[in-house]
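Handing you this structure, nothing more for now.
Labels A, B, C and D are assigned to the chains in the order they are written; within every chain, residues are numbered from 1.
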Amino acid sequence: MSATTDKLVRMVNQIATEFEGQQPGNAVAATWDHLWHFWDPRMRDRIVTHLDTGGEGLSATSRAAIARLGSRAEPQSQTRATEFGVDADGNTESDAG
Amino acid sequence: MRAFVSRDMASVGLGADEVAAALIAAGVEVVRTGSRGLFRIEPLVEIETPDGRVGCGPVAADEVAAVIDGTHRNRIGDVAKLPFFASQQRFTFARCGIVDPLSLADYAAHGGWIGLDRARRAPPAEVVAMVRESGLRGRGGAGFSTGIKWQTALDAPGDAKFIVCNADEGDSGTFADRMLMEGDPFCLIEGMAIAGHAVGAARGYVYIRSEYPFAIETMRAAIALAAERIAPFALEVRVGAGAYVCGEETALLDSIEGKRGQVRAKPPLPAIAGLFGKPTVINNVLTLAAVPFILANGAEAYAAIGFGRSRGTMPVQLAGNVRNGGLYEIGFGVTLGELVDDVGGGTESGRPVRAVQVGGPLGAYFPASMFDLPFDYEAFAAAGGLIGHAGVTVFDDGVDMMRMARFAMEFCAAESCGKCTPCRIGSTRGVETLDRIIAGDRPDENVALLRDLCDTMRHGSLCALGGFTPFPVLSALDHFGEDFGAADIAGPVE
Amino acid sequence: MKTEDPRIGRVRALAAAYHAPDGLLPLLHDVQAAFGHIDDIFVPAIAEALNLSRAEVHGVITFYHDFRRVPAGRHVVRLCRAEACQARGARAIEAAAVERLGVAMGATRADGAVTLEPVYCLGMCATGPNALVDGVPVSRIDGARLDRLAAEILA
Amino acid sequence: MAWRGEIDLGTPPAVSQAMVTLTIDGRRVTVPEGTSLMRAAALIGTSIPKLCATDSLEAFGSCRLCLVEIDGRAGYPASCTTPAAQGMAVRTQTDRLKQLRKGVMELYISDHPLDCLTCAANGDCELQDQAGAVGLRAVRYGDGANHLDQAKDSSNPYFDFDPSKCIVCSRCVRACDEVQGTFALTIEGMGFASKVSPSQSEPFFSSECVSCGACVQACPTATLIEKKVAETGTPDRFEVTTCAYCGVGCTFRAEMRGEELVRMVPWKEGKANRGHSCVKGRFAWGYANHRERILSPMIRASIDDPWREVGWDEAIAHTASEFRRIQAEHGKRAIGGITSSRCTNEETFLVQKLVRAGFGNNNVDTCARVCHSPTGYGLKTAFGTSAGTQDFDSVMAADTIILIGANPTDGHPVFASRLKQRLRQGAKLIVIDPRRIDIVRSPHVEAAHHLPLRPGTNVAVLTAVAHVIVTEGLVDEDFVRDRCDRAEFDDWAAFVADPRHSPEATESLTTVPAESVRAAARLYAKGGNGAIYYGLGVTEHSQGSTTVLAIANLAMATGNLGRAGVGVNPLRGQNNVQGSCDMGSFPHELSGYRHVSDDAARAMFRALWGADIDHEPGLRIPNMLGAAIDGEFKALYIQGEDILQSDPDTRHVAAGLAAMECVVVQDLFLNETANYAHVFLPGSTFLEKNGTFTNAERRIQRVRKVMRPLNGLEDWEITQKLAQAIGYAMAYDHPSQIMDEIAAVTPTFAGVSYDRLDALGSIQWPCNDAAPEGTPVMHLDGFVRGKGKFVRTEYVATEERAGPRFPLLLTTGRILSQYNVGAQTRRTENSRWHDEDRLEIHPHDAEQRGILDGDWVKVASRAGDTTLRALVTDRVAPGVVYTTFHHPATQANVVTTDNSDWATNCPEYKVTAVQVGRSNGPTDWQERYDERSRRSRRIEGVAAE
């Protein structure tokens, strides 16, 4: 497994563990939502390929989330951090982070 | 046999400890008291007899035998009958020299705590009203109505308030505070406890100058002894460190707060924002010590005595070259001449009295021609002087008034806190200008310059140190011009 | 780290009794009583204890006449120079003292025997000229008493 | 603007709302109660003579020049210390007053050198002015005692102290006490001998002075004066600009003589710094004309070759052709850009526009990644907007302040001074930090509680605080009911109430005594206005975002939001890290916080920019380097950043850069990243450009050009040329046009323009129709976006665990005199305060390893090792070591690992398991690195130094 893939595995496991703490029972959807909104296509493709080739090192939640990522569907936003739309009065969230 | 010998610092300076030791060695039971306050007869020994105390003084350590058997050459008998004491009105100093300063029993037996108990039974506002009606004014020198000051502090909002006693008695010619703290400390303590109750202060500080080691020791012991009696009010002694300017109330507060004793600008008044920024009553020892009498005997008893707007008694201190130097508590209105000649008995040297400085190093010098001046804040102010802490320092005709004017500037330069320009730089220039006059260098020009400098200091300075130094300088110049040798020395004192 | 002067530890012990800035003067009095003077090297420990800056402590030490930064002589004579004592001959006594004790006013003898300092009033203004000699009041000082004093001090 | 001194009203403004009316010299004036007579007079154009008064300090009343007469009052009160009262009749000019003022001035001049014509303050001295004003014509005192022989102290590199000219007005001492709060100055002695004394009469440089310059600014004479003024003479014009160092955003008057900058003096109307400064902004601007500054473009084929100087056209053309070649060979997404948090909003906006519209991909990122990206993620999740909620003034209304993971006296010194002011007024402080940072206990300031937690356990401590607040009934029920999401609160409250989150249960983990946690929680919840300030010690962790969420939870649970004195306040590191985020520097979103996948947004930008926008998020910096190693990422345009020194896991960064074919660095100096660059484009300093910075309180402030760029072009002009060269048209004449475009696409900047900035001085976004003058405090009557959201914060231990091989935990930070990677401050006199990074180690840990203070030690982690000298101190707890990363020689980031925040990849600088041992000098990696960077800095035809 290349260094980059290993790094991505550690990153997605870290995200999954966090959402297991934050949103028990909804960690898979939240992790998927996060990867979809914040990861670059190559990172997403690489992790999906890794899952398809056995997904060594991936946690259960990570596996489920990556599986959904592979389906190319657009996730529902599970936290305000991934809401980017313009609301009714023309105000957008500011994501200065 | 029981004998009473003073432990007052001045008495000890004259050998009282050695006399007491000799009495004890001779089998006599010795009680150490404060000083009665006439230093010509110290060390004084008073023997207790069935019909009262019999005094002998001054007594040397090797003459105790004569005292014991009643044959001592300086036998006085009942000291209280001496004209010096009989003509006094000792409201504040009644117990001084009589009681054992650290005996709670003695204090209670001589009218102690009556004032405090009465005050604590009355609401604070009523106590403040009594003090106001007594006409009591600041004995430290400002002469500000004590009642009004307390009222301001009572009305001022604050989660904590303080009572501060200004015991930095640094004026030359004054020792009443010292005598009272060493002779009747519980009186001051009681006065402060009353003040605490009157304005809602739970804590008090007594700021004593470091030059008074005896007073510091006695006050600390007395506070410890009286702690329970005055609880929940709590007192603490704070010792100065040799700065005369800390006799100015705001410099004193900065000193207690652990800072350089520099004078604060006003407002705010300390009664509103003083120690640690909280409402604070600052009064002189004598002011606070007068309060127990007022509470015990009522405001009218105190106000009945006095002259004009100066009500009650003033513990005058006769000092310098004076025969009967000591503590003379009398109602306001007595004249300067009566004090110096009748009570004081003129100079100790036997030479004629030439000048009298009233109010310490910042007070004016008065010639004999002004001895009809009544002891009253307003009268002295009108005559270009001040009462101050009521120290009266007598000089005989050997005095050189130009040197005394120079000394006034020298003292200001030595004790200036350095904050404001007229005093920091002016006092040093004052000494230099007077040195030129003394050396005869362009006397007319330099006297005119001296007057200009005094005007700048008098009206520009931030506090009384720089502000009042012109009083001794100009009064010497105006009343004793002959000592200055300069042609044009006339000019009013502003 | 060079070893610390042992006296600094004792200063810290004295300082432990005080916590707020208003403890500074009492602490400085304690330190001077313990060591005879307040050495500059004590200042950091004092400042640290009261949570003040070294500047503030230095400013206070140098403001008040009482605090010494260098040790005084074995004996300290504080001669009163104020008006009441002058009226009773203090100027002459001062000149005599300088001469008899062999030290200028405000200085310490070369051999460290005595420090002669002015003081402005000791509150014994009817029995001057006065002095505090090692904290003990001495009044009505004249030539004879000065001689006895010089003998004791310079013995 | 033609030079004119700032108006000095003499005393600070009164706070009262009640007004009083009086007459001064017969003219009526109405002022707030408590206003001094001096200030009241100044407000109607009557300037009463003064020397010890200045409106940045409390009235002091020592010079006695400002005496006035008042009807019905005896004497001559000082107008500075006498408050105006209703109906007063004041006279400021009478014969008596003239006479008294002349008398005072005569005393002053009797102890002052008469060398005005050769004096450094000639023409800019209040004593000189007042002597003229009062008409002093003679000094009659002859030669008396004076201070003219006092020795001058030139120990401070930036200003001289000449006591012979001192008038003992104490303005310097009071400035050090009241404004800066260091108390480094005092008056020594009393009376005529009074003398200004740094610490124990030491030279300024070795005293407690932190060289903030407040005393120099306050001094009315030449006693304390900038060395540059003494050298150059007084300035003749000034521009108001904003400092380019930390996130406080101090504004300064850049005072110049012609084109030469003479001094930087804090601008009194600056709303972030209120007329104060620190050593960096005030004095450390000399790097602008440092000899190491590169002024002409350079290119080279290989990073092993020496540089070759070329003209701008050749450099730009070469870069453009390389970028086009690489995109042709390796695909559109094979190149990217990095924006700087130290350049202006306009410049950052242009770089991300170049990448998205010019390169056609979203591979743009900003160094904000490495400091406050978790703030954005966390606050957006909780409050809906991701910036700090208050303005800096707000601290003055706080009653209890929690400071977590920030060391303001070093990192945000001017804010620290205002915080200390508030603490001296009685506000209570709680510090949560592994180190006993200065503000825990420094003169007149002491934290009520210091929680020295084990590095990496922030979430555990804050969740324990939340546990106490919920279980002890300290929640602000009204606030939660009215303004938060009820269900989420209930879920969160149940979560934190679990006994496993109690202070007692977490004590062994966090090493913080349970009772301290409980006391701190009660004080924050019930101690009046509670304000939380935090820095990189919160964000630079694997749970950085979670910690920000925990902070937001505490603020909402206790109702500490939506008014002055409260809030959640990120202390952002750099001058424009907030701005670089606002400008849309992140790979996943367009400016205006629109996700790149948003078709409508992309359509709008295509119309506006005339170029297709990639719909996929781009690569973050760590992932660009990863992709480069994998051969998929070939070129990088880096503006104003030194990622090799500032980013973690230096070996990984070096490998990534080395794998690229065209690295372009645009900076002032050949920084560490330039060792791996093929093109060097010389940048311009903040003194040489127009633009805006946005500070940590969302305040947009103008940067104004003080002198022509030495390198010939402002940074935005370089980016524009590059865009044109790769075939993407950009045609701005002035940054104000760029700001107009920003305002058009950024809702929170809608109302911002240069004209309005000039009119208002500064604007805190959001600034739009709803808030035409900006928003000092956010969430006033409700959260901008719906309800406040509570989020569970489960503690997840970092992988960086101390173990047998690496038993100690390293954390990192900053020091006052140096800034970020030190590129600027190392090239100023500031290096005299901190010329090398030191490793702070507890005496116990040092003793165990036979390490003495000053010894060379090696610090090793699983990522690498480096050597530096030890500093034995009990400021750090046993088991914790600390260092800064200001000097490249130490390469502290060789040791930091690739751990990072789960949500934003913000690197975990603050926790690295290390071993420390004696060493005999630099590691071979350091030596190889030094040799490499020496070779890489060679420039053809220029003698190597």
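Brief remarks follow.
Here, a residue touches a chain if its C-beta (ideal position, glycine included) is under 8 Å from a C-beta of that chain, and two chains touch if they have at least 3 such contacts.
All values derive from a computational prediction rather than experimental measurement.
Put simply, the chain closest to the centre of the protein, by Cα centroids, is D. By count of C-beta pairs in contact, B-D exceeds the other of the chain pairs B-D and C-D. Subunit A and subunit C have CA centres that are 78 Å apart. Annotation: 58 Å between the Cα-based centres of subunit B and subunit D. Inter-chain spacing, taken between the CA centroids of subunit C and subunit D, is 49 Å.
Rounded to whole angstrom, the centroid-to-centroid distance between subunit A and subunit D, based on C-alpha atoms, equals 34 Å.
Of all residues in subunit D, those that touch two or more other chains are 186-187, 189-190. Across the assembly, subunit B contributes residues 243, 260, 414-415, 417 that each touch 2 or more other chains. Residue numbers of subunit A whose C-beta contacts span two or more other chains: none are found. Pairwise, the chains that touch each other are A-D, B-C, B-D, C-D. Of all the residues in subunit B, the ones that touch subunit D in their complex are 243, 245, 260, 265-267, 413-422, 424-429, 432-433, 436, 445, 449, 452-453, 455-456, 459-462. Interface residues of subunit C, counted against subunit B in their complex, comprise 20-26, 28-29, 50, 52, 56, 59-60, 63-67, 78, 82-88, 118-128, 130, 132, 135-140.
Interface residues of subunit A facing subunit D in the complex, by the touch rule stated above, are 2-4, 7, 10-11, 14-15, 17-18, 20-23, 34, 37-43, 74, 79-82, 84-87, 90-97. Only residues 9-10, 12-14, 39-40, 42, 169-175, 177-178, 210-214, 238-244, 255-261, 276, 317-322, 325-326, 348, 357, 360-361, 391, 393-396, 399, 404, 407, 411, 414-415, 417 of subunit B touch subunit C when the two sit together in their complex. Subunit D makes touch with subunit A in their complex at residues 333, 362-363, 368, 372-381, 384-387, 542-543, 546, 578, 581-582, 586-589, 592-595, 597-598, 616-620, 622-623, 626-627, 629-630, 632, 747-748, 766, 784-785, 789, 791-794, 796, 799, 898, 902-905.
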